[in-house]
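A, B and C are the chain letters, set down in written order, and residue numbers restart from 1 in every chain.
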Amino acid sequence: MDRRTKQGIMNFLQSVKLCFSFFLSLGKKSRRTKVFYVISFVPILMALAIKLAQFFYSHRDISGLAIFSNMIMVFYLQFLILILALFFGTSLCSEELEGKTLTYLTTRPVPKSAIILGKYAAYTFLTIIMTGVGLLFTFLILNLDNLLDFSLYVLFLRDLVVLWLGLICYTAFFTFIGTFLKKTILFGLLFSFGWENVIQYFPGSTQRFAIVHYLKSLLKVPTSGGFSFLLFRLEPTPPGIAVLMLLLISGIFLFLACLFFSQKEYILQD
Amino acid sequence: MTAVIETQNLSKWYGNILGLSDVSLQIERGITGILGPNGAGKSTFLKLLTGQIKPNIGRVTIKEEPIWNNYPLFQIIGFCPEQDSFYGELTGWEFLKNLLILYHLPRTEAEDKAKKAMDIVELSSDKDRVIRSYSRGMRQRLKVAQAIAHDPEILILDEPLNGLDPLGRRKIIKLIKSYEQEGRTVIVSSHVLPEIEAMTQTIILIHQGKVFAQGNIHYIRDLIESHPHIVSIKCNDPRTLAKKFIHQDFVLKVHFGETLDSLLVETNNRDRFFALVPSLVVEHQIEVKEITSPDDNLQAVFDYLVGK
Amino acid sequence: MSIKEKGYSHWNGEFKQGGLSWLPIVRWGIRLTFRKKFFKLLFFISLIPAIVFLVGIYISERLDDFRFMIRESTDFVQINPAYFKIYFTNDFLLFMMVMILVFCGAGLIADDLRHNALQLYFSRPLKKKDYFLGKVSVITFFLFLITLVPGIILFLMKLIFSGSFRFFASYPWLPVSIIIYSVFVTGFFSFYTLFLSSISKNRRYVAIFIFGLYIFSDILFGIFYGIFRSQYFGLLSIKSNIQQVGAAIFNQRTPYDFSWILSLAVLLLFCLLSAVVLNKRVRGVEIIK
């Protein structure tokens, strides 16, 4: 790699870092971020309620770990990370257009793709923190009886990483959608709660067209409770390939988002 | 002198609507005013200059480099957009500082420049208030501040005086004129001729997407002066006034309105005409009910100039 | 020399408010919704259950002609209040109602907040109640088109296809139930939508909230039920509460083993909370702290 190319890459990465700082400080101050922090802490309340109910009604049929796994599958995987990714991913481009603040970004000496990548990184970072903190406290509350069992923490970390991979992948996808579609919400809802919910139960290779298939392939099977239907007809992909696919999907959609954003002309309505 | 900004056959359509048509210009150092009525294509032109939109035909170059997707050029360009929009949850200080960081400046330098820009536009006392709470004039000054904060060589301002009070306007005009003295290039657009006149002698007239005059403002002014103005006077004795006006060389036409108590006068020298009216009214004790100028707007001037 | 006015004449009439000052809000709300491309498709899809149930009513009167299809059991084409209850409380129809709310309701107040239009509204002879009435009427229009109107049509078509008033004589309260249920579900969803529309200035966020809260409440029920196996957790789900009250209105057995009054109380409490928030959020002046 010649010196000029290296210099170009360094400049690009520096621009991404600057955009990341810019949007992170913007995102931290945003009221919307605070609202989503509250929403992502709802599982903590749920965990508290479950624990109290178990304590008062001696309902100990299901272990804390099983409840935690079920919450990951039902609440996080099928709802929260989809909503967070849809919200933040589609906002990446749309809010600059609707707020007519795009001009302030595109008249700075940073590449347009750095704007997209920096903002994506900032929003993904925020959502990772949101889910991480919520998940940690939920885990601790539900496994209050077994906190000294260190094998649980390994499982927790695995689940956390899977959810983060899901966030990275879904946010990349919705970022791409946001750069070229106008009706991002309708499409996003149809994709998240239509396509992802239906295709994952299709047999054979068809289910591999859903991102959630790869995420479920990485998660442990829930052992009890009425949730085994969630893994109905799952033909899991090997974990290594699942991780690779998720990263590949993220990379492809981010690349496409950068390409579209750099080449497309955005006309702000007066 | 080599042109700093050059456009060749620049044209832009929005669907079926023509935004700009075949604009070929060379803009040199100093202040250039872009003058035109609302909807003339001024903002379209400035958006093309700053690479916000792509031309359908033609090209734009700044310092002999194309502007589209050429982000390094923005190190030396500052742009003040027309629309009144911000990141409302930030304070004025945060807004400026964070945008300056995107210029690859160290944090301390960015803060110094932000402080300097805030001082110039006199927003220092309000820097810690959220932008949502700013008045219209304060937001306009903040927009100018973000355009000048990084000391750009080329400044492009789209209607920078909108929403400012007379004192604010004077200060911004003074600031823009100081840029010319420093050898920078400034392009400023407006639909108000006196505003442009106060800043520069070099103007470009745009109307219906076309450039139809470029040059010294005095030439344009003379054209406007020679544009016949119509003045309507409603009074109790229009015929006496008409007799007096007929003898004046700067009165081109006199005719009576539909209601016989009004008089329509066409003159090619408004100043001399209006200087005469009070003395005639007093001398002949005429009761004037109303004086209006039906074509006293820039649109009428442009229509006249296009016709010429 | 007196100063003459240019032609303006002073208002010599009474200062009184027009009776239907909220009507323009309704007209424009409906027009703007119908202008959206995908809305028309969505609306027609939401009429599918009505068409299916209408076909069912037809088949019930022509059982002999369709014997080859039905074979043995004709239970599913028994036209009785349970049939109507199934139509009104089926998951698909409720889901489509939420989707319609996303289109027609998300921006009702959010757009006004965003564009500072509340000052424009309240500087006219329009009271807050007129404003809310106008907004609610937009939602009512669309939801009635898929609840009350098809419900009454289904009832009438049953009478027409059967050629007698026997059905009406057997269930004279059924039209009243249809009206009460339609008003109940529309009223709840009006509060629901306007509340969510008032908490943000961005209609995109509101659209996600409208959809997300509905789905989330159901997920919450699913999680707790999966763990504790108690149907009382149905009180957490908007859908379950509506189905519970709906069954009671049609005098049918409720789907869950708890009193429908509890469900009604939960929904009314939500409406009350929404009213409080709406009253606070909708005002002519924005106070920036």
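Following the convention adopted for this analysis, a residue touches a chain if its C-beta (ideal position, glycine included) is under 8 Å from a C-beta of that chain, and two chains touch if they have at least 3 such contacts.
It should be emphasised that the depicted structure is a prediction, and the values quoted were computed from it without experimental measurement.
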item: Which two chains share the largest set of C-beta contact pairs; value: A-B
item: Most widely separated chain from chain A, with each centre as the mean of CA atoms; value: B
item: Chain A-chain B separation of Cα centroids, rounded to whole Å; value: 48
item: Rounded Å distance between chain A and chain C, as computed from the means of their C-alpha atoms; value: 32
item: Whole-Å gap separating chain B and chain C, where each centre is the average of the chain's CA atoms; value: 51
item: Partner chain A, residues of chain B touching it in the complex; value: 14, 43, 50-54, 69, 71-75, 77-79, 81-83, 85-87, 89-90, 94, 98-99, 101-104, 146
item: Residue ranges of chain A touching chain C (in the complex, touch as defined); value: 32, 46, 49-50, 53, 59, 62, 67, 70-71, 74-75, 78-79, 83, 86-87, 90-91, 94-95, 98, 183-186, 189, 193, 225-227
item: Touching residues on chain A, where the partner in the complex is chain B; value: 14-15, 18-19, 21-22, 25-26, 29-31, 99-101, 103-112, 262-263, 265-268, 270
item: Of chain C, residues touching chain A in the complex; value: 38, 102, 200, 202, 204-205, 207-208, 211-212, 215-216, 219-220, 222-229
